[in-house]
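I've put the structures underneath this note.
Each of the next two complexes has chain A plus one more chain, namely chain B in the first and chain C in the second.
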Partner chain A sequence: MQLLKSCTATVTALTFAAILTAAPGGGTVTGKVTYTGTPAKPKPIDMAKEPSCAKQYTTPLMTENVVTGSGNTLEYVVVYISAGAPDESSAPSTAVTFDQKGCHYTPHVLAFQVNQDLKVTNSDQTSHNIHPLAKINREWNKSQPPGTPPISEKYDKPEFISVKCNIHPWMHGWFAVVKTSHYAVSDGSGEFKLPNLPPGKYTLTAWHESYGTQTQEVTISGNETKSANFVFTAKPY
Partner chain B sequence: MKSKLSNAFLAILLFGCFVDFPTVQAQEAQVGKLTGHAEQGKPLYRRYCIGCHGPRGDGAGENAPYIDPKPRNFTQATFKCRSTPTGTLPTDEDLYSSVGRGFDNSNMPSWAPLTDQERINLVAFIKTFSPRWKTDKAGTTINIPNEPPVTVQSIQHGHDLFQKLECWKCHGPEGRGDGPSAATLTDSNDQPIRPYNFAEGSRFKCGSTNQDIYRIFITGVDGTPMPSFADVIQPNDAWDLVHFLRTLQVNREGPERALLKSSGTKLQPIQTSSGGGR
Partner chain C sequence: MGKLLAVVLLVIAIGSAIPILMHTWWMPEDISSHGYMIDKQMSETMAESGIAFVAAQLVLAGFVAMFGDKKNGRKATHLPGGAKAVVIAAIALVGTEVLAPLPIQVQAEQFGFYFRYAGPDGKFGPLHPDKIDEGNQNFFGLDPANDVESRDDIIAASLVIPVNKPISLMMHAKDVGHSFYVRELRIQQDFVPGLDIPMHFTATKVGKYEIVCTQLCGLGHYNMRAYLEVKSQEDFDQWLKQQSQ
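On to the complex of A and B.
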C-alpha cells in the first residue's frame, strides 16, 4: 500500500513536471478572420467640437466598429480559448495600457485578463471621461484631465465592455476581459495566433463587436500548429 | 380529509403560478437603529413603487414609457446618489435618504409621508432585485472635510477650475446646461440626458447643501455622463468649485453671489473657443 502511494505520488509529480515543461512550447492555433456579404462603410469622424484633437489629423479619422482589410479580412476580432484553458485562475503581473490620443482610443479593442491591471492614460490636451459601460462588472465613470496620472483599474469577471467618452461622443472602444492568457486580437490582415497551448481539447471563440460571436472546437496534440479560420456574416448597417 | 389536504396543496401550487414576484430573500437594510426587512417592504413596493419600477424592479413598470428620466432599474444596482466611490454600491443610508428626498426634475416624489420603518423596509426589498447585494459590499463612504469660508479668492479659483476641468463642455459657460457636448449626451441605457442647468435654480438631485454638491464631484453620478473627479481634484479645489457653482445659480441669493456683488468682483466669462480649455 505504501509503495502504491509513493508510486502514485511519483507518477503525479512526473505528470505535473511534464505539463510544466510542455507549457512554454506546446501547440499553436493560427487562423484568419474574414467576412462574407457587404459590411457597413466606415464613416469619417467630425471632431470640429474639439479643435485640439481635430488639428492632429490631416485626413479625418474613420469609425472603427467594422475595420476590414484586403481579401475580406476583419480586424479587431478577439479570439480566445473559452473552454479548456489550463490557466483560468492566474492573472499576469504586467499591466495593459489603454491610451486616449487625438480623441481616439488606442487600441480600439484592448484584450486582457480577469484581475489584470489596466492603466488608462490621457495623451491629449483635453479632458476625457472614461466610461466603460460594464453590465456584469461594476460600471464606473472617471474624469481624466490632461497631465493627470494613469487611472488604475481591474475587472473581476469576464465581459466585453463598451467604453465611451461622454464629452467626445465619437470616441468608442472595447475592453475584452477574458479568463485566460490564450487570447489574441486579429490584426490588419485578419490574422491571429494563439501559441503555447498544451495538448488538449479546446473551445475557440471569436468575438466581433458588430457581428457577434462564433465558436469552434480544436484539439491540440504535441507541438503541432493547427489552423482555425472564422467567417463572419457582414451586415450592411 | 385527504382530499381537503390535496386541495390545499393544489391551491398553494396554483397560487405559486400566478404570483410573478421572485420569492423574497431574507434581505435587510440598516440605518442607525432602524432595521428594514425585505418581506415587509414587498407589500409597500407593490402599492407605491410597482407602477414605475415594475414587478421585477427593472424599471419597466406600466408608467415607464411615459416617464423621462426613466425609472431606476434596480436589477443593475447602479445608483446616482451615493456617498461611495464610482462603481461601488451605495450605503443603505444613501438609498434611504433618496427614498425620503425624492428626485427633483424627475417623477420620483419624496416618500417622506411613509414612516421611517416603511422606508427602510422598502430599501431592504429594493436590494433583493440584484445579486450584487449578496456578493459586494457597499463602498467606503467618502470623507468630506469642513467647508472653508467663502472668499473671492475661493470663487475665483473655482471659476478657473470650471474652465480648466472643462465642466463647461457639458454644463455650458454660464452653467445653463448648454455646452458643446450637451446635445449628444446619453445615459448608460442610451437614453438622452441633459446636463444640470445651474441657472434654472431648481434643487439638486442628490441634495441641496454645499456638502451634497461637493460629494457629487467625488462620487460622480453613476449611470450618467457625470464622472468622478476623486482622483484629479484636492478637497480645497472641490470646495472652491462648490463656491463658484453657487454663483451660477442666478435665481438663488446666497452668500457667494452676495460676496461677488459687495466686493465688486467681475469674473471673466468662461472661454469656449480655445477648444483645449487651457
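On to the complex of A and C.
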C-alpha cells in the first residue's frame, strides 16, 4: 500500500513537472541579423607564446568581435525578449558550458538565464584564469590548471559580461545573462528563432558587442510565426 | 691549527678558481653586435677579480701559517698614512647605435609582449590607453577611426627584426613593472609603468630566441614570454609585407 502511494505521488509529481516544462505552444519569432556598411576585418591571433595552443591551428584563429557570413549576415547577436514576458520564477536545471580550448572561448557568446548554472571547463594543456568583468553582478576570477574539474558559477542579475583570460590577453568572450527564457544567439547565417511565445506584445532586443543594441516591438497572437529582422550599421574601425 | 686553516684556505681558493678557469658555467652564445664587449668586460672582470681573490687567499693563508699559532700578545698595527680616496668619473659615450635604427615599440602587459611597427607610412599613430582592447588585438590603444597614422601600424606578438640592423626599441608597460630579457642579446631592461624607455641593439645572427619577463609581475609571470626572430633583410621585408596586408 505504502509502495503504491509513493508511486502515485511520483507519477503525480512527474506529470506536474511535465506540464510545467512542456512547450506551451504559441507563437514564434524568427529573423535574420544583417549589417550595412563595411565591417572591420577580423585580425589573426598570434599565440606563439603558448605553443600547446598554437599547434592546434593550421591557419591562425581570427578575432571574433565582428563575425560575418555571406549575404552580410552577422553572427553572435543576442536576441531576447526584453519586455513583455513575465520574469522567470526559476532557472532551468540544465547547466550551460563555456569551454576553453585552443586558448579560445567556445562559444564566443554564451547566453543563459539568471541563476542558471554555468560550468567553465578547461580542455587545454595549459592553465587559464577566467575573468568575467562583471559590473552589476559580483566580479570574480579563477585559475584553472589543466585537468581540474569544471568551475561552477551563477549570476543573479541580468548583464552582458565581457570575459577575458588573465593569462592569455587575446582570449575574449561574452556572457549574456538574461532574465527571460526567450533568447537566442544568431548563428553563422545570422538567423535566430524564439519559439513558444504566448500571445502578447513584446519588446525584442538585439545586442551586438561592437555595434550596440536595437529594439523592435512584436505582437504575437495565437500560433503564428512572425518575422523580425535587425540591421546594424557596421564601421570599418 | 694555524697550518691546517692555511691548507683549508688554499684548497678553497684553488678549488673555486678551477670551474671559472675552465668556463664550466659560461654564458650562452652571443648573437648581438655589442655582446662581445659585455663578454670581454666579464672576462676581464673575472680575470682581475679572480687573480686578486686567489692572491689575497694565498697571502692570507701565508700569514695564517706564519703567525696563526703565536700568542705573544703583540698588538696589530696598521699601515701608516691614510690613503685618500680618489674618485675618477668616467663617462662612457655610446653613440654609434643612433645611425638610422629601425624603430619598434614594445608593450609589456600581464602576461605578454606585443610589438608595433610603423607600417608603410613610417609613422606611429598616437596611443590612447582608454582604447586598449585585447580581445580585438588592440594592445596599444590605437584609434584607427580617428588617427590616420595608426591604420597601417603593424602589431605582432613576436619581435621580428632584420640581422645586422640597429634596432631602437621603445619600451612601455601597460600595467605593472616587467622586464625584457634576451640572454643571447646580453640585454636585460626593466619596463617601468609611466616611462618610455629607449633601448638600442643590433643582432648579428639569424635565429629564434626567447624573450622572457624577469621581473615578477603577477600570477602569469611564469608564462610571460615572446620570441625574438632575427631574419635576413629579405626575409624581414617579406614578413613585413605579409603583415601589412
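Here is the rule we go by: the second predicted complex is superposed on the first by the 213 of 237 C-alpha atoms of A that agree within 3 Å, B and C clash if a C-alpha of one lies under 4 Å from a C-alpha of the other, contacts with A are read in each partner's own complex, and residues count from 1 in each chain.
One rule holds for everything that comes next: a contact is a pair of C-beta atoms (placed from the backbone, for glycine too) under 8 Å apart; a residue touches a chain by one contact, two chains touch by 3 or more.
Since we're looking at a predicted model, the values are computed, not measured.
**Student:** Overlaying the two complexes on chain A, which is it for chain B and chain C: clash or fit?
**Tutor:** Verdict on chain A: clash between chain B and chain C.
**Student:** Looking at the overlay, does A:E50 come into contact with chain B only (first), chain C only (second), both, or neither?
**Tutor:** Both partners.
**Student:** After lining up the shared chain so the two structures overlap, which partner does A:E224 touch, if you call chain B first and chain C second: first, second, both or neither?
**Tutor:** Once the two structures are laid over each other on A, A:E224 reaches no partner at all.
**Student:** Mind working out whether A:I151 is in touch with chain B, chain C, both or neither, as first, second, both or neither?
**Tutor:** A:I151 contacts chain B only, not chain C.
**Student:** Is A:H131 in contact with chain B, with chain C, with both, or with neither (first, second, both, neither)?
**Tutor:** After superposition on chain A, A:H131 lies in contact with chain B alone.
**Student:** What is the contact status of A:Y237 with respect to chain B (first) and chain C (second): first, second, both, or neither?
**Tutor:** It touches chain C, and chain B stays clear.
**Student:** Contact-wise, after the overlay, does A:I167 reach chain B, chain C, both or neither (first, second, both, neither)?
**Tutor:** A:I167: touches chain B and chain C.
**Student:** So in the superposed three-chain picture, is A:E139 touching just chain B, just chain C, both, or none of them (first/second/both/neither)?
**Tutor:** Once the two structures are laid over each other on A, A:E139 reaches chain B alone.
**Student:** Between 44-52, 80-88, 170-178 or 188-196, which run of chain C pushes into chain B after the superposition?
**Tutor:** For chain C, the listed stretch overlapping chain B after superposition is 170-178.
**Student:** Pick out the shared contact residues on chain A: the ones touching chain B in one complex and chain C in the other.
**Tutor:** Dual-contact residues (chain A): 49-50, 126-127, 129, 143, 166-169.
**Student:** Where on chain A does chain B make contact in their complex?
**Tutor:** The touching residues are 49-52, 125-127, 129-131, 133, 135, 138-146, 148-149, 151, 166-169.
**Student:** Please output the residues of chain C touching chain A within their complex, sorted ascending.
**Tutor:** 109-112, 134-137, 139, 143-145, 151, 156-158, 219-220, 223-227
**Student:** What residues of chain A sit close enough to touch chain C in their complex?
**Tutor:** 43, 45-50, 63, 65, 126-127, 129, 143, 162, 164, 166-172, 235-237
**Student:** Mind pulling up the chain B residues that touch chain A in the complex?
**Tutor:** For this pair, the touching residues of chain B are 76, 78, 85-88, 132, 136, 164-166, 169-170, 180-181, 184-186, 188, 220, 222-232, 274-278.
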